[in-house]
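Same chain, two partners: subunit A is paired with subunit B first, then with subunit C.
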Partner chain A sequence: MSDLHNRLVTMLIDDLGVEDRAAEPGITFDEIDVDSLLLVEFALLIRREFGKELPEGSLTAGSTVADVVGMLQEA
Partner chain B sequence: MTRAAVLCGLGSFVPPTVVDNDALSAELDTSDQWIRSRTGISQRHIASGLSTSDLAVRAGREALKSVEGVDALVLATSTPDRPCPATAPAVAAELGLGEVAAFDVAAVCTGFVYALANAAGLIATGVADRVLVIGADTFSTILDPADRTTRAIFGDGAGAVVLRAGRADEPGALQGFQLGSDGSRADLITQRRGGYFEMSGREVFTQAVLRMAESVRQVVKEADWELEDVTHVVAHQANIRILHAVADQLGLPRTLMFSNLDRVGNTVAASIPLALADARLPAGAKVVLTGFGGGLTWGSTALTWPVLGKESDV
Partner chain C sequence: MFNAAITGLGLVTPAGIGADANWGRLNAGGTAASRDAALSGLPVDFSCRVPDFDAVSLLGRAAGRRLDRFVQLAVVAARQAVRSAGLDSSTWDGARVGVVLGNSLGGSATTEEQHRAFLTNGPADVSPLTVPKSMVNMVAGYVAIDCGATGPSLVTATACASGATAVGIARDLLRSGSCDIVLAGGTESALTAATVTNLQRMGALTSRVHDPSSSSRPFDAARDGFTPAEGAGILVLEREEDARARGASVFACVSGYGAASDAFHATQPHPSGAGVERALRAALADAGVEPADIGHVNAHGTSTPLNDATEALALTRVLGAGTPVTSTKGVTGHTLAAAGGIEAIYTALSLHHGVVPPTANLESLDPAVELDVVSGAPRALRMRAAASTSLGFGGHNAALVLTAV
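== the complex of A and B ==
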């Protein structure tokens, strides 16, 4: 796991109160009960931490932390 | 030197009818747990037959106890008694203020901050020495009865302050304003002609957080303060998770964000003065008021909290 991946997982668990299973590779947001409102909060935290804006609607229930890593590396 | 606008009176009113989350759940597909976890709201007050002016008069009367009359009345509302004329003159008449200047300001949930800026302008230009500023809305009258989201969020109420002419360096003096709008996003929070009020939750959440955070940053600079100086943020009571996210964006402790959402929900233009009345801020507190709402609109002001009481006693 990359540092970026670990940092995103830490944000999910520590800042947003998501269950520890967020650290499991390939697990989708839906599987760890991250609903649409939490995804909005996650995108806002990412913006603050990394100064990068994820396109509206790019995070979905089926996305994974690895998908977010990919988006941030492209952004 | 420009005359400053100094806050010297405060009043609030919520209508007696309370609708709690269980009552909403009995009628709509929702639950107390769902509403509280997503919004921080447990109950809201509903006008049930009272008009916006009825609520405004009650809050205004309480705020007026601090002064011997005012020269002007600015009413922030998006649910006026009638489309035309404005509601403010009727409120002034009901309060027995005589033939004072009276007008409405429509900036939805930012309405109260916009109204404060208008009132401060009347004072700075010498048009008025004392201004009653009221925020009042009855959103329960424009909600879709079948919409579980908006019905959970919005409540009715009114809040009021009195501003008087004074010096910029005294407690209570408003230390500048930051105001803005973005009409390209008007559809996010809207009531179309003949329709019910509608809101696009996710986009509104993001915009509310980013706009209020930036507005607070700017007004703190305008006031010549540092962010670390701020002891209380009294923000528009939109949703507890929005308030927390604003604190997170600013790097401020979430405990700085005052909230009375639990008890009253989102009362639109009334929310900031209602929160001020509930907050019972200590004299000397460094307070930022910030709002965000339909328009889109947003705005902030800052003040050192004064000792409030009857003008002759202070």
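== the complex of A and C ==
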């Protein structure tokens, strides 16, 4: 896993209180009970941390951390 | 007469976490007030906080990260109460369980933090969790979620009487048959720089900044305002016959409740204490208890000049000069909306143990107070009944009459 991927997982676990399974490859946000409000909160934390804005609605229940890594690399 | 049995106790207060810790601290005396880093540089830079409250270790990471502290305190207290009642929330019929909790200031820390984010960085920096973290009703909602209570749930808001109001409403839910079990009490955690400043600017707080440990001194001639505090106190209430039928331990019963409004002033109690007098008389009538049967009163006793003076007048008129009274706020400070819940539990513990804890910091009784304010050391006192009184900004008055079992 890349440093970016690991950092995002750490943010989910430490800052948002998501369960440890967030570190499992390919697990979706829905599977770790990250609801729509937490997705918006996650996008806010990403903006503060990386200075990059994810397009509204780009994070969905079926997204994974790997998807977020891809979005950030393209942003 | 209707008895709501108190079968479970949950306390998360400046006097400690758990009923045993609280009872020990109350009877040892000594205030919980200390300098507060969050209030550094303010005219009142001290408070009474819950000691060693680690939300993540007590509640897990999700609740520890996502809930405001006023909710976290309540969830911990509710879990304690359910456990001490010998109930199992994973197997009970949740539809028969209600939650009634008092709160007044909601998630002040969250609101203020997000307001700063808004002013500093604009709307895009505001957390989407702000509303669910900060609304006052959310504490009833989260406690219901935590214990699977799908009966009625609500928050009472009668300022510093909210916790007592909640206990009274909870008893009504049992009496009407709407619920078989109700978690009732109050919670507050608003020890933020802005909120404490708001209280200080209205003249409600003590100015004894040189010595926080002596700042909360109910009924003392030198009292000058209350000491801000946080906490939660939650009881499990059941119909007495139901509690007996399942073999539950009963600490005491809530046998009477009365409420009345001053309709006088936004923040000052009526100078005669007429409102709290009517609330207490109503609670006594509801309980079918004579004034002479009240062994002691756990008074609101905030340590403000006006509250203690007017409350003392009312208690003297209803119960007579020389009635034993204590104010546990000398130890805990004023936990605002939580106070009525916390003090209902303290009153139950007094009935259960036959002991009235002393009023901390009482050195020189206000000469206008004609009550027997217990001070110095705990007093052994077997009682058939006791009362707890609460007054709130807005002129809200609430009184509970508890009876021994």
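Convention: the second predicted complex is superposed on the first by the 75 of 75 C-alpha atoms of A that agree within 3 Å, B and C clash if a C-alpha of one lies under 4 Å from a C-alpha of the other, contacts with A are read in each partner's own complex, and residues count from 1 in each chain.
Everything that follows uses one rule, which is that contacts are C-beta pairs under 8 Å (C-beta built on N, C-alpha and C of every residue); 3 or more make two chains touch, one makes a residue touch a chain.
Since the structure is predicted, the reported quantities are computational estimates derived from the model, not experimental observations.
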Partner chain in contact with A:E56 - subunit B first, subunit C second, else both or neither: first
Which of subunit B and subunit C A:E41 touches, first, second, both or neither: both
Partner chain(s) touched by A:A75 [first = subunit B, second = subunit C, both, neither]: neither
Contact residues common to both interfaces of subunit A (with subunit B and with subunit C): 15, 37, 40-41, 44, 47-48
List of subunit C residues in touch with subunit A within their complex: 56, 60-66, 124-125, 127-129, 132
List of subunit A residues in touch with subunit B within their complex: 15, 36-37, 40-41, 43-45, 47-48, 56
Residue ranges of subunit A touching subunit C (in the complex, touch as defined): 13, 15-19, 33, 37-38, 40-41, 44, 47-48
Subunit A-facing residues of subunit B, complex: 38, 201-203, 205-206, 209-210, 241, 245, 248-249
